[in-house]
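One chain, subunit A, links the two complexes that follow: it is found with subunit B in the first and with subunit C in the second.
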Partner chain A sequence: MITLLIRIVSLAALLYLVLPLVVIVGSSLTNTSFLAFPPQGLTLTWFGKVITDASYVSSFVTSTVLAAFATAVAILFAVPSALAIARYNFPGKRALSAILMSPLILPHVVLGAALLQYGTAIGLTRNFLALLVGHIVIITPFVLRAVLPQLTEEQKSLEEASADLGGRPVTTFFLVTFPQIRSGILSGAIFAFISSWINVELSIFNTTAELTTIPVKLFNYVQYTIDPTIAAVSAVTILVAALVIIILDFTLGLDVLSERR
Partner chain B sequence: MSTTARRVSLLVGLPSLFFLAFFLAPMTVVALASLTDASGNLTFVNYARILLDQYHWDVLWVTFRIGAITTIACVLIGYPLAWYLVRIVDWRPWRRVCVILLIVPLFTSNIVRSFGWMVLLGRNGLVNDSLQTLGLIERPIRFIGIELGIVIGLVYILLPFIVLAVGNSVADVDPSLEQASADLGARPATTFWTVTFPLCLPGLMAGAVMVFMLAVSAYVTPALLSGGRITVFSMLIFQQYSSVFDFNYGGALSITMLVLTLVLVATAGRVGATKGA
Partner chain C sequence: MTAPLLNITKLSKHFGRQAALSDVNLEVEQGEFIALLGPSGCGKTTLLRCIAGFLKPDSGSIRITGEDVTRLPPYLRPLNTVFQNYALFPHMSVEDNVAYGPRRRGATKKDALSQAADALELVGLSGFAGRFPRQLSGGQQQRVALARAIVNRPKLLLLDEPLSALDLKLRKRVQIELKHLQEKLGIAFVFVTHDQEEALTMADRVVVMSGGRIEQVGRGEDIYRAPATRFVADFIGEANLLPCSILPDGSLMTSVGALSVRPKLRPKGDNLVAVLRPEQVSLLPDGAMEGLSTVPAVVEDVIHVGSHVMVNARVGDTVITSRVSGQLPAQVVKGARLHVGFRPDDLHLIGD
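Let's look at the complex of A and B:
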C-alpha cells in the first residue's frame, strides 16, 4: 500500500521533471509563428533561423569558450590545492579550504554584484576577462569537491613508496597520484563546465549587447517575448545536455543511486 | 624555507592569490560600501534604510516564505522519489532512465527550465487547458504572478538536489541494521522510523539546507515567473546594481541577505545535528 503510494508520487515527480523540457522541445517544432504545445504541424524552420542568426551563434561560442577556459583554470587551481590540503599540514589550511569552497553557498547575485562593484573600481568590467574571473571563482569548488575525497590515506602510502623508490614529486604525481584522481577531475570538470555554461546570475552583470552568453541572451529575450525561435534555442541547450548525460552514462556510468552492498 | 613550506606555497600560491583578489577583496569592498555613504563616511544609514522600512521586511517575508514552502515541497516529493529509485526500482535499465531524467534538468539553465513553466502555466498553457478539460476549473488560473507559480518553478529546479542527497544516504544505509530490527520483531514502519529514517536524516538535512539557500537567493526563476507582480529580495539587489547603481545601499542589501541566509542555515544545521544525535 505504502509502496504503491511511493510509486505514484515518484512517477508523478518524474513526469513533473520532464514535462517542461518536453514542452520546449515540442513547441520548437511548431508550424505556427506563436508558441503552441502540442505543436501544430512539424517544422525545423526555427532551428534554421537560430543557426543562421549570427548573434545566437556568437553567444553559443562565447558561452562555450568561456566555460572551457574557466574549467581549465579551475582544474589548475583545484588539483594543486586539493593536494596541499590532503597531503600537508600548514597554517591557514582550514581557512584556505573554507574560502575555496564558500562560493558554493554564496548567492550568485551577491557575488556578481560584488565583482561588478570591484571591477568598476579596478577597471575590469563588461569584457571577457571580467566574465572569466567570476566563472573561475564559482566553479573551482566543484573540481575541488570532486578531487579531495579521492586523495585517500591508502593512496598516500603509494605516493610515499614512489618517493622512497626515488621518484621525484612531479614524477610521482603523474605516475601515481593522477591516475587515481582522474575520474574525480573528470566528473568535477564536467559539473564545473556545465555550471559555467548555464550561469545567468553572475554573467548578467558583465555582459553587453555584443558580448553575451547564451543563457543571458535567453533571459533578456524571454522577459519580453516568447516565440518559437527562443524555444528552438532552448531546445538546442536541452538536447546538448541530454546528449552529454547519455554519453556520460555509457562511458563513466551514472548509476549513482543503486544500493551498495 | 622547509621543503613542506616550499611545496605548499607552490601548490596553493596562485589559487590563494586569485581568490584573495577576486573573491575576498570584492566581498570586502561590498561590506565596506554597505557601511559608508556616497562620500565615504562611516555610517549605518544604509542598514537603517533596510531595517526600519516595512517594505523590506515584507519582501524578506515573501522571500523566506517562498523558500520555506519550496523546501518543504522538495522534501515531501524528493524523499519518496529517492526511496523509489534506490529501494523500489529493481529493473536497472529503468533506473538508468530515471537517473538521466533527474540529471538532465540539472544540466539545463534555470532560464530554459523556467521558460518551460512560463509556457505550461500560461493562460492558455497545458496546465490550464487540462484543468479546464477535466472540469476542475471554469476560468484559467493566472499562475504567472502568484507565489504558487514561483514555488512550482523553484521546486522543479531544486528537486534533483534533494533527491541526490537523500538517495545517496538511503543507498548508504546498511541493510543488516534493518534486518536486525526486523529479526527483533519490529514492524516495517517501526524499523523505518527508528532505524532507517534517522540514518538518512543527515543527508535529508544537507539537501534541505542546500535547497533553502538556493531558493531564497534565486533570481532568474522568480524574475520570470513573477510576471513583475511579486518582488523577492534578490531582485532588490539586482535593481541596485544593474540600473540604480547605488552601491552603498546595494551592498547593505547584499550583506543583509547573506547574513540572514547564513544565520538560518546555521540554525537549521544545529537543530539537525541535535535531532540526529
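Let's look at the complex of A and C:
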C-alpha cells in the first residue's frame, strides 16, 4: 500500500519534470512560424535553420569548449584544494574553504559585474579567457563540494596504509586516493559542466556579437522574437545532455554517482 | 654490542596543550613481541603512530637498528603496520592489496604476485587471491591486512589493536595464531591493545602506559606480581590496595591494622600502598592458620563468576576481596564473621 503510494508520487514528480521537455521538443516540430503545442503538422525545418545558421553553430562550439575547459581547470583547482582542506591544518584554512565556496551563495549577476569591472582594470574583457575565468570561479565549488565528503578518515587511513607500504605521495594519490574519489570528481564535473553550459547571468557581461554562448544567444533572441527556432535549439541541448548521460552510463556506469563502492 | 632494533629516546608529543606522550624511552630487540597496554587516551596509539611516521614527535628520537628515522616519512621507514580498521584498498583484489608493498619496493608484477601468494598462504587465505575485501569476513580481512604487512618481511611490525573488531572466540584463536606466526617469522611485533589478557597472553614484554607516560615495562608475570606503581597494580588484574606506612620499629601499619611483617623492600615516600591479589587472600572460618597474617572480617558479598567465587569481606573501613577457586566453605555466607589471612611475603609495597 505504502509502496504503491510512493510509486504514484514519484511517477507524478517525474511526469512534472519531464512534461515541459515534451512541450519544448514538441513545439520544435511545429509547422507554424510561432510556438505551438501540440505541434501543427511535423517538420524539421527549424532544426535545419539552426544547424545551417553559423552564429548558432559557433555559439554551440563556444559553450561546449568553454564548459569543457572550465570543468577541466575546476577539477585541477578543486581536487588539490579539497585534499589540503581535508588533510591538513594550516592558518587560513577556514577562510580558504569559505572563499572557494562563496560563488555558490553570491548572485552570479553581482559576480559578473564585479568581474567585468576588475577585468576592465586589467584588460581582460569580452574575450574567451574572460569568460573562462568567470566560469572557473563559479563551477569550482561544485567539484569541491562533491570531492570533500569523500576524503573521510577512512580514506585517510588508506593513504596511510599506502605510505606504510612504501608508496610515495604521488603514487599514493594516483593508486589509492584517486580511485576512491573518482566518483566524486565525476559527479562534481557533471554538475560543473552543466552549470557552465546553462549560465546566462555571468556570461552576458563578457559576450559579444561574435563571441557568445548558447544560453546568452537564446536569451538575447527571445527578447525580440519568439519562434520555434528556440524550441529547436532547446531540443538539441536536451539531446546533447541525454547523449552525455547515456555515454557516461555505458562507459563509466552511472552507479558510481549514486554510491561509493 | 649491536644497536637494538628499535630505540626510542625521550619522545614527547603534544596535541595543543594536551601532552599525549611525555619523555617516553623504550628499547625493542630483534624478534621481540612487545605489547603497549593502557586505557584509551594513554598514548599507546600515539606512540605507535610516531614509530610508523604518521605523527611527528615534538622532541626525542626514534632509531631503527641505529639509524635515526625520527624525521623520515612513513614510506622510507623499514617497518610495516597492521591497522585497526585493516585499511584494505577496497578497489583492489586481495592479491593486489598484498602485492602493493613489493610493487612499491620495485618488484616486477610477476615477482610481487608470487610474493603475495606466499604471504596469503602463510595466513591461510590461498584461495581468496581474486576476491575483493568487501567479499570477505572480518576475520579474513584481518588476515589479508596481516599478509599485506608481512609480505615485505619487515624487521618490525606495528599492530594497532588488530583484533578489536573480532568476536571473543575468534580473537582468542587469532591471538595464538599470531603468536605462532611471530615466532615463525622472527619479526619483532609492537602490538597496541587495551585488553590486558591479550597483552599478557601474547607479549614477551608488556609496556603499561598511562597519561602519556610509561608506567612499567616488564614480563607479564613480573608486572602482575610486582607492579611498579599504584596505577599498574590497579589496572592489571584485580588488586586489594591497602594504604600503609612503616612504623619506626620496621613493622607495617596498614588500613586493616598493624602487621608483624618486616617488609624486605622499602619504597620511598610516606604514603605507601600494599598490593594483595585476591587469590593471595584466604578465607579462614576457623580463625588463625600457621604462617598467615590474619585479621577478623565480615563477609559482605559472595559473587559466583562461573569458574571461581569472589568474596568481599569488610575489615573496618576497608573491603578485601578474596578469590576462591575450589570449594567454598559452607560457613562463608553473607554476614558471616571469619578471618581473612595472607602470607606476609605476598604483600607487595608500592611507594608514591
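By our rule, the second predicted complex is superposed on the first by the 222 of 261 C-alpha atoms of A that agree within 3 Å, B and C clash if a C-alpha of one lies under 4 Å from a C-alpha of the other, contacts with A are read in each partner's own complex, and residues count from 1 in each chain.
The working rule: contacts are C-beta pairs under 8 Å (C-beta built on N, C-alpha and C of every residue); 3 or more make two chains touch, one makes a residue touch a chain.
In this text, all values refer to a predicted model and were calculated from it rather than measured experimentally.
Counting residues of subunit A touched by each partner, subunit B versus subunit C, the larger count belongs to B. Of the two partner chains placed by superposition, only subunit B is touched by A:V110; subunit C is not.
Applying the stated contact rule after C-alpha superposition, one finds that A:I6 touches subunit B and leaves subunit C untouched. In the overlay built on the shared chain, the residue A:S234 is in contact with subunit B alone; subunit C does not reach it. By the touch criterion stated above, A:E160 is placed in contact with subunit C alone, subunit B being left untouched. Residue contacts after overlaying the shared chain place A:T171 against subunit C, while subunit B stays out of touching range. By the touch criterion stated above, A:A84 is placed in contact with subunit B alone, subunit C being left untouched.
When the two complexes are overlaid on their common chain A, residue A:S27 makes contact with subunit B while staying clear of subunit C. Comparing the two interfaces of subunit A, the one with subunit B and the one with subunit C have residues 261 in common. Subunit B meets subunit A in the complex at residues 4-5, 7-8, 10-12, 14-16, 18-19, 22-27, 29-30, 33, 77-78, 80-88, 92, 95-96, 98-120, 125-126, 156, 159-160, 164, 167-168, 171-172, 175, 213, 216-217, 219-220, 223-224, 234, 237-238, 240-242, 247, 250-251, 254, 257-258, 261, 265. In the complex of the two chains, the subunit C residues touching subunit A come out as 52-54, 73-75, 80-81, 83, 85, 87-91, 100-101, 104-105, 148-149, 152. Against subunit C, in their complex, subunit A makes its touches with residues 154, 157-158, 160-168, 171, 175-176, 179-180, 261. Against subunit B, in their complex, subunit A makes its touches with residues 3, 5-7, 9-10, 13-14, 16-21, 23-24, 27, 35, 37, 76-78, 80-81, 83-84, 88-90, 96, 99-100, 102-103, 105-119, 121, 133-134, 136-137, 140, 169, 194, 197-201, 204-205, 215, 218-219, 222-223, 226, 230-231, 234, 237-238, 241-242, 244-246, 249, 254-261.
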